[in-house]
Amino acid sequence: MSLLDIRDLAVSFGTEAGRIQALAGVSFSLERGEVLALLGESGSGKSVTAAAIMDLVPNPPGAVDRGAIIFDGIDLLALPPRQRRDLCGARIALIFQDALASLNPVYSVGWQIGEMFRIHQKKTGAEVQAAVIDLLEAVGIPDAARRADQYPHQFSGGMRQRIMIAMAVALSPDIIIADEPTTALDVTIQAQIVDLLATVRQRSGAGMIFITHDLGVVAELADRVAVMYAGRIVETASVFELFATPQHPYSQGLLASQPRVDVETPDLVPIPGSAPNPAALPSGCAFRTRCPRAQDLCAEVEPLLAVAGQGRQVACHFPGAFA
Amino acid sequence: MSAGYFLKRTAFALLALAGLMIAVFFLVRLTGDPVNLYLPVDASQGARDAMRTKLGLDQPVFFQFLDWGGQMLRFDFGTSLWHNRPAIEVVLQALPNTLALGAIALTFAFGGAVLFGSVAAVRAGSWVDRVINLVSQAAASVPDFWLGLMCILVFAVTLRVLPTSGFGGPIYWVLPVVCLFARPFGTLVQIVRGSMLEALNAAFVRTARAKGAQTGRVTFVHALRNALLPAITVTGDLAAQFAGGGGVVEVVFGFPGIGKLLIDGILKRDFALVQASIFCVAIVIFIINIAVDMLYAAIDPRVRIEQ
Amino acid sequence: MSAVEGLAPSSSLLSRLKWLWRALVGDPTALAAAIWLLIVVAGIVAFNLGAFSGGRIDLKARNLPPFDISFGWKLWLGADALGRPLLARLAEAASASIGIALAAVLTSLAGGLVLGMVAGYSGGHIGNLIMRVSDIVMGFPTLLVALVGLYLFGPSVTNLILVLAITRMPAYIRVARAEVLEVRERLFVDASRVFGAGPLWILRNHILPIVAPTMLTLASVNVAMVMLFESGLSYLGLGIQPPAVSWGLMVAQGQGYLATAWWLACFPGLAVMLTTMSFNLLANWFRIVNDPTQRWRLTSRKRTP
C-alpha cells in the first residue's frame, strides 16, 4: 500500500469570472521513503495540491469538488475537520516558500517550534525546551540555546528556512511536503537547504513531496517526478527516465529549454506561448496550443493519464521521443 | 524601553506643554480684551476696569508674561471665580472621577470589541457578522449626549431603576459609563474585525493551521496578538479624547469630572478654571501616549529598542 | 491604475455609473444609507422651497405628540412648545447640521491638500514645522480644542466651521504629504519637470488622481464625525446660536420637556444618528468599491461576455 494515494482530486475556486478549476482530476501516489518531485510552472496547481492534502484550501472561495486522499489507508477527505487537522499536523509536515511571512512575528522561534509538542504531545516546559534546542542544532543553527528565544525578524533568510524545517521535522512526520522552499533564497543558501532537506529525510526515512519549478533541484533530490500542467498531471516517471526520455511534449519542452554547459547551443529554446488562463483553457488537451505535434484529435478529446511503461504514465495522444 | 528614550519623550512633552500654555497666554490677549473671558458678556465698564486692574491686565505685556510665568511654575492658575478656591485645587479634585469613568468605559469597550470583532472576523460574511457590523456602526454613530438623554428617559424617568443625575455610589456611574462606552465600542469593533480578518489571512496563520492548531488556538493565540496592535493605537487615541472630551456626557449626568468643569468654566466664563483644566488634560494625554507606546512595545517585539 | 479607471472594466461613463449602481444595490445597508441621505436632502430642498411655510405659531398644537395623522401630514412628527411642526424644524435644522459639516470637511480637505503639498514639496524646515504642529493638533481631543477655540474666538458660524476644520486637518495633511513625497521620487515627475511643468500641473495630473480616493474616504468619515461634534457643541450652547437651529440645538431645547414631550429631544438626536451612520456606511462602501480585491463581494453576479 502506498504511503499517500491521491485519486482524481479536483479543486475549484469561485471568482468574479466564474468558477475556475485549479486541479482538474489529479492522481499520483507516494511510496514510503521516496522523494516525489511535483514539477510545473506557476499556476499549474502544485501549491493547491499541497494545500488540499493539508486541508488548507480557503473555503470560501475554494472547494474540493471530488476525489480521495488516502494517507496510510485513511481517507483524509472523509475525516471530520478536527481529526483531519490533528492527523495532518502531526504526521504530515508542510514547509512554505516564504519563511519570513510564514513565521508569526510576535512569538519567539523557540516558542513556535515548541508549539508542535504542545499541540500534539501535550508536553510542557523544560522537556519542550530541550527538544527545541536539539532540533535547532540538528538543522544547523549555531548557539541554539540563546537563539531559541529570538524572533523571526532577527534571523537571515536561510536561517529562517532552517527554522521552518526544524518545525516540520519536530514530530518525525511520515511525509514532508516542501513547497518551493528554496525559491526565495540565494543560490549558495539554496544548496545548503537542499542538502539539509536530503539529510533530514534520509535520517527519518520519511516520504517527501518536493514542489518546485527548478530542474536542477529535481535532478539532485527526487526519486520520481510528476509533471503538472494547468491543474493536471501530464507525466509521471522516475527521475532518470524523465531526464533521459521524456514522453510528454511539455516535459520535453521543459528539458529542452534548459541551458546546457556540456553541449554547445547557440540559442535557448523556450516553449512557445505562455501559461494558459485557467478561466479559458483550450478545449481537449490544455497544452495543445503550445504543442509542436498537436493534431485535430487533441482539440476534441482530453488525453487521460495512461500507463506508458514500467512505473511511467503519460497524458498525451501522441507521446514518445521527439527529435 | 530605555531610560534615555523615556527622558527624551518627557522633555519633548514638557516643551510642548510649555508651548501650549504660552500659546494660550498670547491667544487670550490677541483675540480681544482678555477681561471678556472673565466677565459675563453684558458686564458694565466699571466692572471691566475693576477686573482689569485686579488681574494686572493694565500692565505692559512683558510684565504680565513674567508674572504669569512665575504663577505657572508655582502651579498657580488663579482663583476660580465660581468656586472661590484656587482653580488647580478644584481641578485636581475632579480629575480622578474623569479618569475612573474613562478607564472603566474604555476597558469595557476594548474587551467587548476584541470579543465581538474576533467573532465577526472568524465568521465573516455570515449573518452573525452582518448583525455585529450593523450594531457597531450604529454604536459608532450615536451622539453621546442624546444617548444619555434617551437612557435617562427610559431608565430613570419611565422605569425608575436608575437615578437621573448626581454622584455617589456605583449606581450613579452606570449610565455615564454606558454612554461613554458606546462610540469607542462601535469604532473598536470595526477596527478589531478588520485587523483580525487581515491576520486570519496571513501566511503565519496558514502555518499554524498546517501545524495542526485548531480554530480556537489559531484565532486567539496566533491571529489576535497581531491584530491587537492597531486596536491598541486607536484605544490610546480614544483615551486621549476622553481625557478632555468626555465632557458632554458628564454635563448630561451632572457627573463631577474635569470635562464638566471645563465646559462649565467656559459657559460661566471662569478662565482660571479653564486654564487649569487644559493644563491637567495635557499632562494626562502625555502620560497616556507613553503608556500606549510601552504597551505596543510589550506586544510587538519588532518595535522594541535593543539594548 | 487610478481609482477612477479601475472602478469598472469598461470605460464609458454610462457603464461605469451602471456598475456603481449594481455595486450599491449589492450592499443593502449602503443602499439604505443612500436612501436616507436622499430623504434628508429632499427635506432640505422642500424646506427651502417653502413647502413647510405658512405655519404660523399655532398654540393649539403645543407639544403635540407624534404619529397622529389627523392633524395633517406636517404635524406627523409632533409639534414643539410653540406649536411649530417638528418635521419642519427638523428640515430647517438639517441644512445647518449638514451644511456646517460639509463646509468644515471641505475646508479641511482644501487646507490639508495645500499644506500637505507644501510640506511634501518644499520639505526642510517648513515641512517639519507643518508636520510638528499638525501632530500636536492631532494629539489633542477635538472637543477640547473646539471648545477652547470657540471660547476664545466667540461662537459664530464661521468660527465653528474653522475650528472644526482645523482639528480634522492633520489627517489630510499626512495623506497629501505622503503622496507628494512618493511622487517626487518617481522618474516621470523629474521628466515633466524637465519639460517645464510647474508644481500645479504635477498636482493636478499626478498627485490628485492617486490621493483622491483616500481623501474622499477620509472626507466621508469626517463628515460623520464633524456632524457629531457640531451637534455636541450646539447642545452645549457653544455651536449654532438661536434663532438659527441645528439638530444638536433642538436636542438641548427639548431636554426640558424630556418627561412630558419626549419627541422633542428624541427625533433630532435620532436624525443625527441616522445621518452620521449613513455617512459612515457609505464611506465603508466606497472603500470596498475602490479596493480591487474586495470588489467582487458587491457584484458577484456573473457578467455576460
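Should a chain be cited, it is by its letter among A, B and C, assigned in written order, with residues numbered from 1 in that chain.
As a working rule, contacts are C-beta pairs under 8 Å (C-beta built on N, C-alpha and C of every residue); 3 or more make two chains touch, one makes a residue touch a chain.
Small disclaimer: the values here were computed from a predicted structure and weren't measured.
If you compare B-C with A-B, the chain pair joined by more contacting C-beta pairs is B-C.
Set against the C-alpha centre of chain B, every other chain centre is closer than that of A.
Between chain A and chain B the centroid-to-centroid distance comes to 53 Å (mean Cα coordinates, whole Å). Distance between chain B and chain C, defined via averaged C-alpha coordinates, is recorded as 23 Å. Across the complex, chain B meets chain A through its residues 125, 202-204, 206-214, 217, 222, 225-226, 299-302. Residue ranges of chain A in contact with chain B, taken from their complex: 54-56, 60, 82, 85-90, 93-94, 96, 98, 101-108, 115-116, 119-120, 151, 153, 167.
The touching residues of chain B, when paired with chain C in their complex, are 16, 19-20, 24, 27-28, 31, 37, 133-134, 137-138, 140-147, 149-150, 152-153, 157, 240-245, 247-248, 251, 262-263, 266-267, 274, 278, 281-282, 285, 289. Across the complex, chain C meets chain B through its residues 29, 136, 139-144, 147-148, 150-153, 224, 228, 231-232, 235-238, 248, 251, 255, 258-259, 262, 265-266, 268-270, 272-274, 276-277, 280-281, 284.
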